[in-house]
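Both complexes below contain chain A, partnered by chain B and then by chain C.
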Partner chain A sequence: MAESPRSGPWSRPLLRQIRRGLFASPLDTVITVVLAVLCGGGLWSFLHWVFLQADWAVVVENIRLYIHGRFPVEQVWRSWSWLGLLGVLCLATLMPARMLPRPVLRLLPLLWILILPIGLLLLAGGLGFEPVKSRFWGGLQLSLLLTLGTVLMALPLGILLALARRSSLPLLRWLTTGYIELTRGMPLIAVLFFGQLMIPLFLPEGWTFNRVLRAVLSLGFFVGAYMAEDVRGGLQSIPKTQLEAARSLGLSPLLTVALVELPQALRTALPSLANQCVASLQSTSLLAYLGLIELLGISRSILGNPSFLGRHLEVYIWLALLYWAVCILMTSLARRLERTLKVSDHH
Partner chain B sequence: MIGLALSSTLFMLAKSLKPLAVVPLLLGLASCATAPTEKVSLLEQVKSRGELKCGISGGLPGFSSLNPEGAYTGLDVDICRAVAAAALGDADSVAYTPLTAAQRFTALSSGEIDLLSRNTTQTLSRDSGGGNGLTFAPVVFYDGQGVLVRQDSGATTLEDLANQTFCAKAGTTTERNLNDVMQARGIPFELLNFNEDQDRNQAYLDERCAAMTADRSSLNSARSGFEAPDEHVILDEVLSKEPLAPATVDGDAQWGDAVRWVVYGLMAAEEWGITQDNIDAQVASATSGADQENAALRRFLGIEGDLGSKLGLPNDFVVQAVGAVGNYGEIYDRHLGPDTPTFIPRGLNASYTEGGLHYAPPFN
Partner chain C sequence: MASSAAPSHHSTSGVQSGDTLSAGPELAVRSQGLDKIFPNGFQALRKVDLAVAKGEVVVIMGPSGSGKSTLIRTFNGLETIQGGHLEVLGYHLDADNNQKVVSKIRHHVGMVFQSFNLFPHLSILENVTLAPVWVQKRDRQTVKKDALALLDHVGIREQAHKYPSQLSGGQQQRVAIARALALSPQLMLFDEPTSALDPEKVKEVLETIRALAAEGMTMVVVTHEVGFAREVADRVVFMDEGMIVEEASPQTFFTDPKEERSQLFLSRIL
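What follows is the complex of A and B.
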């Protein structure tokens, strides 16, 4: 096999490249060897710990809690179906466009918006489903719900704020600028504290206000301000001549925004918007410090179980893996979207 | 710490702004509004709701944590369950809200929870109207700062640890308490501070210090995480007072009394020797058996008199509570007893008959 016509010419340049890149001079060789030993040693002791010393029972036995939180066991299929739907939707979006029938392709954006109400219906119940209180939501399911809710609220809010900030009406412009600058000047944890601690105190006695909704609203208002700036960046990248062209074609201001400005602005802003989405997922973990049992919060409660005392390392490595997987999924969705939009650009 | 400071500032701010209840109108987002025109006791609200809203820590070994089935367990949790059993006849009718230390008082004053059962140290400023404005139920766990040493060191008192190094957590009252006690007794010592629990534990295990100091309950859970927990002992000496008690909101005497006497009921049941297992037999015996002349027991079990209804509870509220979770000693043993990984000797938490501090006033 080594004599195959492919392997000969393929392996030799590779070897040469390795030599040139890593062992070009004695100093390079020393650096390479030292780094290899350090990395190798670190990796070896990590793997040794992972496979021989770590006790993964804390993950295996509580897997249902990490995924669904305290969702009632007999209703857990509803949580599974929502997560499954979300997975199928991700897969469909990631698949090459030509492999999907046209109508499905057209419906995808709508489905991405509908997945939140579907999730709420499945998780909260109603319409024939037995109601489940939001305090039973938790784990990955709640983290994803919070992220999705935040993004679906922040994106339209961000677009509106960005447009309002460029509006010719002074009052509107000042108000939105004030809002955006104020929000951007506050740490997220302060906004979340406000949402979780202050709002209940302001409400008249006897009024309550769902904790999850409070969290989504605080996160949404916060992320919205950042998204507004991303969209504004996109809007600013559009040459003035295009607006003049649109006006000379007789497009109304509303149509100019909808057909000329926004499609281009959003395409430009897409990488930073995707960034905000990933950041929102990670921000949801702050809610663990406000008593929500999302992924990080439920881990706190699991670590409190006397049978799993001192198993912090296992739990946090498992969490890192979960968060990483979801973030990778989100960034590949964003890359996919970028590619699709670029393709349609070249028509 | 930052969170705590931030939240207390927000809390004070919100308190001063409360008259300006225009914000909800502006927000217009509130749901399920049943604004009571007249102040109805939380006890009545709990009964008509059919559910007790209980605030817990949610992540404290032995006090409240999640088991793999998704249920909360622990000493704090069982207090919630006992109150629910007494008021509603069903220990499972509890809605648990996990709370951080920063949130707990707001949650209580805003009505998000009815009962705070979250290892809260009873202090003057938390009790008083000028402070957090809480009403404390009887102490359910006497914690205090303790000292952990290696068994082979042979140390049994602080004096044995003269000129030794102590590991502690930086910036806590732990450090000050240790200083106070050691200075008062004239014992010289060295102190090694750490920012994280984990680092402090590791330093102690690496024998960088002869002793480690923290609250006894947390020393205990740290020790249970060690590879050989048996090789370490917690000294009998206690350096500070940390009486942990459930709390209700100020100004609702009926609710506060009900919670207080349910907790006393659990302790009195232990004094009487009434357990979860023998409670039916005890009731039978007091109703028509050997104990039917025992008026005090009959009153306690609600067979005679109307002690419960004076509180707004069923007359057999103690029977309900003990039937659901057992007496105080049983609750303690279940979560902190010798058979658990979080074993803490009863010490101050024993009944007064055993030399502890738990003492229920008469049920008359």
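What follows is the complex of A and C.
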């Protein structure tokens, strides 16, 4: 019927598609109508709640806390500067490559590494900046710092572990395999507890180190084990003939790994590695239960304030939006990187 | 692809460490009683004796599984040897497969594979400059200039900034040849260089190899191309079941083979 050319509203392609997809038979029509009523009702009551019932004061009045935590007000420009730099770096990375001058383009990877020490300097102080204790770091700023630190630690660790796991030295191989399997067998929250609560007990009296650093170390060691497996998958996807070509050109084993294997392996592993990076951001929220006032932690303490009693829904929807926005940013950065590397990818 | 336009490093008059050479200065490769046994117990080479003189073009033929690829892969240490003795460009190798010696050999021996094996993540130019820059530690600018000259020589200069996946099989194989030549090798090994190519691309690759032979390069070529062997080879070596069955000039081998197994093989492919 639909094929026969006839006039009327159903002859337009879009409408025809709708009719075929949603109203093809009486049963289809019933299902469509019921689902439409349910969805419409849900959307209506959600919008009704958002605009008429919800009290967004809990978000609006605490914006500074969500972003900077309890960072001293007079020093808050330092937190802003770091977030600003991070934003500019994201923008520069996302811009089409031809719009950037070549030197900047070359420096981008280095800048992504440097942004961490710059952040630490701006937040912690030193070099002329007034020191700010890490317990005053918080909010989105701390979540981003934790994520960045974790990724920058886990990626090199993952690469080293993946290489060690296929080493010709049995001891090294066993140790790394054991480490990776053990770490993957533990829940992250247990690892974080260990890092936050147990490590200080084992250290000699008076030896403490920063709990943000402890969190990054625990997360980094954990995520590194997962990344190692992604990199290993990438390494395994490289045909043996590539190694033969490298060897016959006289490349040493080290050069073969650095110039032939890793570049190809990381390209293959990139989507999974990007996945781990996003997962790292989500994982930082577990630290809320260990006393760090990162994004989730600060929200919990805002909810503890009697004047915002019972405003959970508002806060968690707002949090979901924030996490989602950062995740979208991270995945677009990853896609950008994939596109840049893609030229040589289709063989 | 005129052979007169050869860059200087195509010449085979490389410096020879004469004191390590025991069998006279004329030999590029000499194998004596070479045995190759794979870990699964399969013996791919049985007491192979072969000598390749400098400047000589040797074509190795034989049915699949006869050990011809394995043989040339032992020449640059891609396959270890389990018995016998091997001497390549004055370097001695035996069943201990000394890696130091192997890596020295590889600096002077170029190899071209059936499936090209270009590095897909590097541009054509980077494929060619990789080894000179990192292995020979030569100056980047000079290496780049030489690489472009080599690519020009094999007729792919225009594609220098493309990636391997953007080139045809024939072009990729010519890049692979340029990549091997970039180290100024004294010996070139070709492992079925045209077997993975579309029929219409075979000629351009064979032309490149032919030009190289005309320049006096020492070459060992494993191939099924009878026409090529007839024209370019100084000597044809026929292998079967891991042994050299017959060695002869191409004229003799293709018109009047001595051995029964050679006759049988030729009757199948001619």
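As a convention for this text, the second predicted complex is superposed on the first by the 332 of 347 C-alpha atoms of A that agree within 3 Å, B and C clash if a C-alpha of one lies under 4 Å from a C-alpha of the other, contacts with A are read in each partner's own complex, and residues count from 1 in each chain.
Here, a residue touches a chain if its C-beta (ideal position, glycine included) is under 8 Å from a C-beta of that chain, and two chains touch if they have at least 3 such contacts.
In this text the structure is predicted, and so the values were computed from the model without any measurement.
Superposition of the two structures on chain A leaves chain B and chain C fitting side by side, clash-free. By the document's definition of touching, of the two partners only chain B reaches A:135; chain C does not.
Contacts of A:312 after superposition on the shared chain: chain B is touched, whereas chain C is not. When the shared chain is aligned, chain B comes close enough to touch A:61, but chain C does not.
Once the two complexes are overlaid on the shared chain, A:289 sits against chain B while remaining clear of chain C. In the superposition on chain A, A:241 contacts chain C only, with no contact to chain B. Of the two partner chains, chain C is the only one that A:249 touches; chain B does not reach it. Within the superposed three-chain model, A:98 lies out of touch with both chain B and chain C [touch as defined at top]. In the superposed model, A:297 makes contact with chain B only, not with chain C.
After overlaying the two complexes on the shared chain, residue contacts for A:190 are found with chain B alone; chain C is out of touch. Counted by residues of chain A touched, the larger count belongs to B, out of chain B and chain C. Here's the short version: in the overlay, chain B gets within 37 Å of chain C at its closest Cα pair. On chain A, the surface touched by chain B in one complex and the surface touched by chain C in the other have no residue in common.
Touching chain A in their complex are the following residues of chain C: 76-78, 103, 106-107, 109-111, 113, 115, 117-123, 130-131, 134-135, 163-165, 179-180, 183.
Those residues of chain A whose C-beta lies close enough to touch chain B in the complex are 61-62, 64-65, 69-71, 73, 133, 135, 189-190, 193-194, 196-211, 217, 289-293, 297-298, 300-307, 309-310, 312. Taken together, the chain A residues at the contact with chain C in this complex read 241-242, 244-252, 255, 259-260, 263-264, 267, 341, 343-347.
Only residues 3, 6-7, 10-11, 13-15, 17-18, 20-21, 23-24, 27, 29-36, 57-72, 74, 95-100, 102-103, 106-107, 109-112, 198, 221, 224-226, 335, 340-342 of chain B touch chain A when the two sit together in their complex.
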